Amino acid sequence: MTLRIGVIGTGAIGRDHARRINHVLGGATIVALSDVNRASAEAVKADVAPDAAIFDTGEALIASPDVDAVLVTSWGATHEQYVLAAIAAGKPCFCEKPLATTAEGGKRIVDAEVAHGKRLVQVGFMRRYDSGYVALKKVVDSQIGAPIMVHAAHRNPAVPEQYVTPMAIHDTMIHEIDVLRWLLDDDYVSARVLFPRASARSHAKLRDPQIVILETAKGTIIDVEIFVNCHYGYDIQCQVVGEDGIANLPDPMAIPMRLGAKQQSEILTDWKDRFIASYDIELQDFIHAAAKGTASGPSSWDGYVAAITSDACVSAQEAEGAAIAIDLPARPALYN
Amino acid sequence: MTLRIGVIGTGAIGRDHARRINHVLGGATIVALSDVNRASAEAVKADVAPDAAIFDTGEALIASPDVDAVLVTSWGATHEQYVLAAIAAGKPCFCEKPLATTAEGGKRIVDAEVAHGKRLVQVGFMRRYDSGYVALKKVVDSQIGAPIMVHAAHRNPAVPEQYVTPMAIHDTMIHEIDVLRWLLDDDYVSARVLFPRASARSHAKLRDPQIVILETAKGTIIDVEIFVNCHYGYDIQCQVVGEDGIANLPDPMAIPMRLGAKQQSEILTDWKDRFIASYDIELQDFIHAAAKGTASGPSSWDGYVAAITSDACVSAQEAEGAAIAIDLPARPALYN
Amino acid sequence: MTLRIGVIGTGAIGRDHARRINHVLGGATIVALSDVNRASAEAVKADVAPDAAIFDTGEALIASPDVDAVLVTSWGATHEQYVLAAIAAGKPCFCEKPLATTAEGGKRIVDAEVAHGKRLVQVGFMRRYDSGYVALKKVVDSQIGAPIMVHAAHRNPAVPEQYVTPMAIHDTMIHEIDVLRWLLDDDYVSARVLFPRASARSHAKLRDPQIVILETAKGTIIDVEIFVNCHYGYDIQCQVVGEDGIANLPDPMAIPMRLGAKQQSEILTDWKDRFIASYDIELQDFIHAAAKGTASGPSSWDGYVAAITSDACVSAQEAEGAAIAIDLPARPALYN
Amino acid sequence: MTLRIGVIGTGAIGRDHARRINHVLGGATIVALSDVNRASAEAVKADVAPDAAIFDTGEALIASPDVDAVLVTSWGATHEQYVLAAIAAGKPCFCEKPLATTAEGGKRIVDAEVAHGKRLVQVGFMRRYDSGYVALKKVVDSQIGAPIMVHAAHRNPAVPEQYVTPMAIHDTMIHEIDVLRWLLDDDYVSARVLFPRASARSHAKLRDPQIVILETAKGTIIDVEIFVNCHYGYDIQCQVVGEDGIANLPDPMAIPMRLGAKQQSEILTDWKDRFIASYDIELQDFIHAAAKGTASGPSSWDGYVAAITSDACVSAQEAEGAAIAIDLPARPALYN
């Protein structure tokens, strides 16, 4: 049986997921599209989803009896309403980041899903599906002893002028917030931000780089260097220091060369290339679970916790150097 | 439109390809199975291809109007007959290595395909689809100048007792024979084999390791260490020395660790893990071409040339140290 | 002309320096030895310095007209008195760490040397002579843009039971304190210490590991992981993040191996092996300068600043998480 | 007691060794210099050996009662006569490569030394003193099982126009010839040379690169790529494949950087930098042995065997592809 999927929001990421489902992955097909800009939906239909019906609203798409499951890839501010509608309809729903733009919104989704009594939502934290992080987690769980520290870095070659200091948390650090929590199987209890002198590529509204320090419930300390104008490349580093040894996230495959008096290998410069394979895998995972009427992978709860943690990190930016407590509500049994 | 595929030969590799097509890849479905051992076909139907019909013979499967394209994954000695039958039926055909067990058999297939006038056959040389080799080829074609030498190694931790000296060519070196020819876009003109003292893990009928030296039409010299009882792991190395610099095949992803007074990372020990991702990609490529009624990727010609080259390498084993000429017939225009 | 050196303190390090001067380095010879345990001095004379006279006191050795320059390798608490005596005698003096056990002691030495009007003292911060740090400094000064952050680690496999928390600063971190200041050509303005949960190999009087965060006058933030019971090896890491790129301290030479399903290379386990070559170079530098009646390399001022910084770091340990200001007196012109 | 050394031949290498002995190493001093160009000897005296007497001839220098040991760093064609004179005088003698320009000359030296009854000659094969090769030998002897193959490369960025094909053996490969024999503790029985198509940077009298294949008495096969116009850098590679695993010569220390979308580290371009530290160590070894009236390290026998092997390799160049036997005389007991 082929899972019939509707896509709400047909911008770059929605189009790409539609292509994936129709041309790369097995087990599902795109049957419905919706976008505030109908021409965008028509174009995606023409290019990658010829059999899809176009719906005027996301709500109408969700309500269609021809749609088994929903992808929410619309503008972030609209995620919450569509996810809530999908839960109300009892349909599995894959929602791109952010689950909601506020922690309260995340809570409303968690509450609705708990009330429904079964998981329906997967949040698009694709790094959990990256083969490097998956291999790292296996080693962390089995070979290096209890994790005590994590040294991480999220470096981006350049950002546009409108990128301001809090976006380093909401748009950039958000990935580390989710993936490190998953990697360590732990929760955060505090956040602290330190600012070294700003890079010459910073500007009045962007303090860059910054060091975010998270402490977990088990006492692990995580330092994450966020450097969004690092110039040299897109580079994600993660080193876990355990009681017995150390494990590192591997660098992406690159050809080792000897050329021009240098040993050299390429570093990626476009973030879109870094975790490209994991998008396929996360969606395949969604299809498998949705075919059974449920969801797996990163949950509404994970999205909600990420939102709470992000808010604390932004407060910590403002409180430069001081630790800001992160108080999580009790975890509903649905997410154990 | 979904491509309807029939699988002839439902052993380990046939089963795995059937699973891939039905559960991982898009655009095709398994509709037919055949095996000399009918129970094997029944089991694959039960496990991964519930909608497949079972045929008594490969020929009957090929003849079925419900089958659009064929996978030949039967015992090597039967490949030629099924591939010829598929060509006769005008159906795209993916054939696992070897295309035929003799060079003459390869020639018959090439002749039949040329007579047909359009490519229908893809041979299962999956390394051409490996992301490492693909990236290496890109660098070799653009960054290191004309290739002058290749230093390669094919190391396997252990082989069973029945593995004898010529199998180092037919079963092991065969992959380098194809992929290096593709990598260099060149043809071989001679082969030479040198035997160092045998490893203690060799035996009366196996001289191991050996060094196979191939020379190409352009004058590139390739040395390939074949070491099938190397003990430490399954390890494929390939270094291209160009006029301006050097490029290496990257090692598979592994977690860099610091543990027990060692910097360390795992080496694979099972050959099946090394190119696992490339099986998906080669079959997807087959599906895309077969949907258009043709084939791409490694051709009958490539399979035939590999057979001629293998025969020369075995002669070179017997002529220890002397160069054996490799004379290829003219390449039919179909394969340019 | 051969420089005539006297050694005060003939324990392990004094003996080793005497051997170096007499058997490895050029331009100097050991003519005098002194130790509170005269038998120790006699043994060193017998083994590596047959032409040396034994003196009853360090002061007598310093006063001897046959002694051109002095090595102070005695118990730390006695360093100050001997260095002051050497300055009073106008003789170049190489002093092992610490220059003095208190910042006040360091200040007395600086004042005496400034009053003398010429540098006479070199402190045994040997890392400045390590080929790795020297190469790193060259790259930091020329290729990666202004340094913005430093991520460092000082890991030791195990420490004895009597090693307590403040020793992580005075005995371990002291090396990073000096070498990073030299590497960045900068001064510290604050220190902060964070404690993750303690490793199981810690004990009641040792919180291990810890993260020391230093901020410099130019705004560079340095995080140093101090992990003295890390188990896996002796491992010194230093990564400098600049505006344009990143440079790392290289690991010590090790043989890359492929063995037992692992790519592997040895990590040192004994700190004494890590910077062994730099002891030769620092002493050769001392000999060259002392032959001209002066000193170069790490100065009294550097030793004094290291003492002030260490005191701040220990306060920061006690103030867990809070930044402790580091206020340096004005730098005398002698040290510019 | 300080060893009094005389230097015959004060060109670049003689001057550098004189500087080393007088300014870097312990235990010896330069007391005598001689050069066919007296002004050269005067200049070295002025710059690094003020206490040296200038002699009109090498023979007079050797005969001087003030000279305990001799360095022969003159023009290669004159080495044999000075080494024979030193042996006749019973004085330890360090001779730069080549020991003699013909195998017969090497034999005359071996015969003279054997007649003398004690080792007096050390040949300047400095790679045996390189820390990388020393560490590699330790691993080869203990960790990877019996060596079966060696894959080596000797790459040089560029050579002058007058460098012709046989020089690839006499001037370049000569180092591998000695060091690999020492590394494996084995002797060569045959040589074979293969020529890939010539690099565009070759010329009429230089076929470059070439692959020299040596077989040893124990059956180990060694392939050495000699590429003297490789363009990208000076790069020495050596991989030993043993029955149980593989060990590689480490690359020289370089700073790992991330810069300009590349992971990168420098490769040396000047051969003089590659083994610079080993010159100090080989001379120190000479001083220690000479102080006892003898010699250690690479012997006359090693120099003689290298000459025989070189001659066979040049014959193998001419016999392109065919194996040329290497017949060594019996090894005199003095060299066991």
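Read from first to last, the chains carry the letters A, B, C and D; within each, the first residue is number 1.
Just so we're on the same page, contacts are C-beta pairs under 8 Å (C-beta built on N, C-alpha and C of every residue); 3 or more make two chains touch, one makes a residue touch a chain.
If you want to know which protein each chain is, UniProt gives these names: A, B, C, D = Inositol 2-dehydrogenase.
Only a predicted model underlies this, so the values are computations on that prediction, with no experimental measurement involved.
Colleague: Enumerate, in label order, the chains that touch subunit B and subunit C alike.
Modeller: Of all the chains present, those in contact with both subunit B and subunit C are A, D.
Colleague: Just send me the rotation angle from a CA overlay of subunit A on subunit B, rounded to the nearest 5 degrees.
Modeller: 180
Colleague: Farthest chain from subunit C, going by the mean of C-alpha atoms per chain?
Modeller: Of all chains, B has its centre farthest from that of subunit C.
Colleague: Indicate whether more than half of the residue numbers at the subunit C-subunit D interface occur in both copies; give same if so and different if not.
Modeller: On the two sides of the subunit D and subunit C interface, the residue numbers are mostly the same, over half being shared.
Colleague: Could you tell me the distance, in whole angstrom, between the mean C-alpha positions of subunit C and subunit D?
Modeller: Comparing mean C-alpha positions, subunit D is 38 Å from subunit C.
Colleague: Taking the mean of the CA coordinates per chain, how far is subunit A from subunit C in Å?
Modeller: The mean C-alpha positions of subunit A and subunit C differ by 46 Å.
Colleague: Which residues does subunit D have that touch at least 2 chains other than itself?
Modeller: Answer for subunit D, listing residues that touch two or more other chains: 232, 244-246, 254, 258-260.
Colleague: If each chain is a node and each touching pair an edge, is that a line, ring, star, complete or other?
Modeller: complete
Colleague: In the complex of these two chains, what residues of subunit A are touching subunit C?
Modeller: Those residues of subunit A that touch subunit C are 145-146, 148-149, 151, 192, 194-197, 199-201, 209, 211, 213, 215, 218-221, 223, 225, 227, 230-232, 241, 243-246, 321, 323.
Colleague: Can you check the complex and tell me which residues of subunit B touch subunit A?
Modeller: Touching subunit A from subunit B are residues 22-27, 131-132, 135-136, 138-139, 143-144, 244-250, 253-260, 284.
Colleague: For the complex, give me every residue of subunit D touching subunit A.
Modeller: Contact set of subunit D toward subunit A: 157, 232-233, 235, 251, 254, 258-269.
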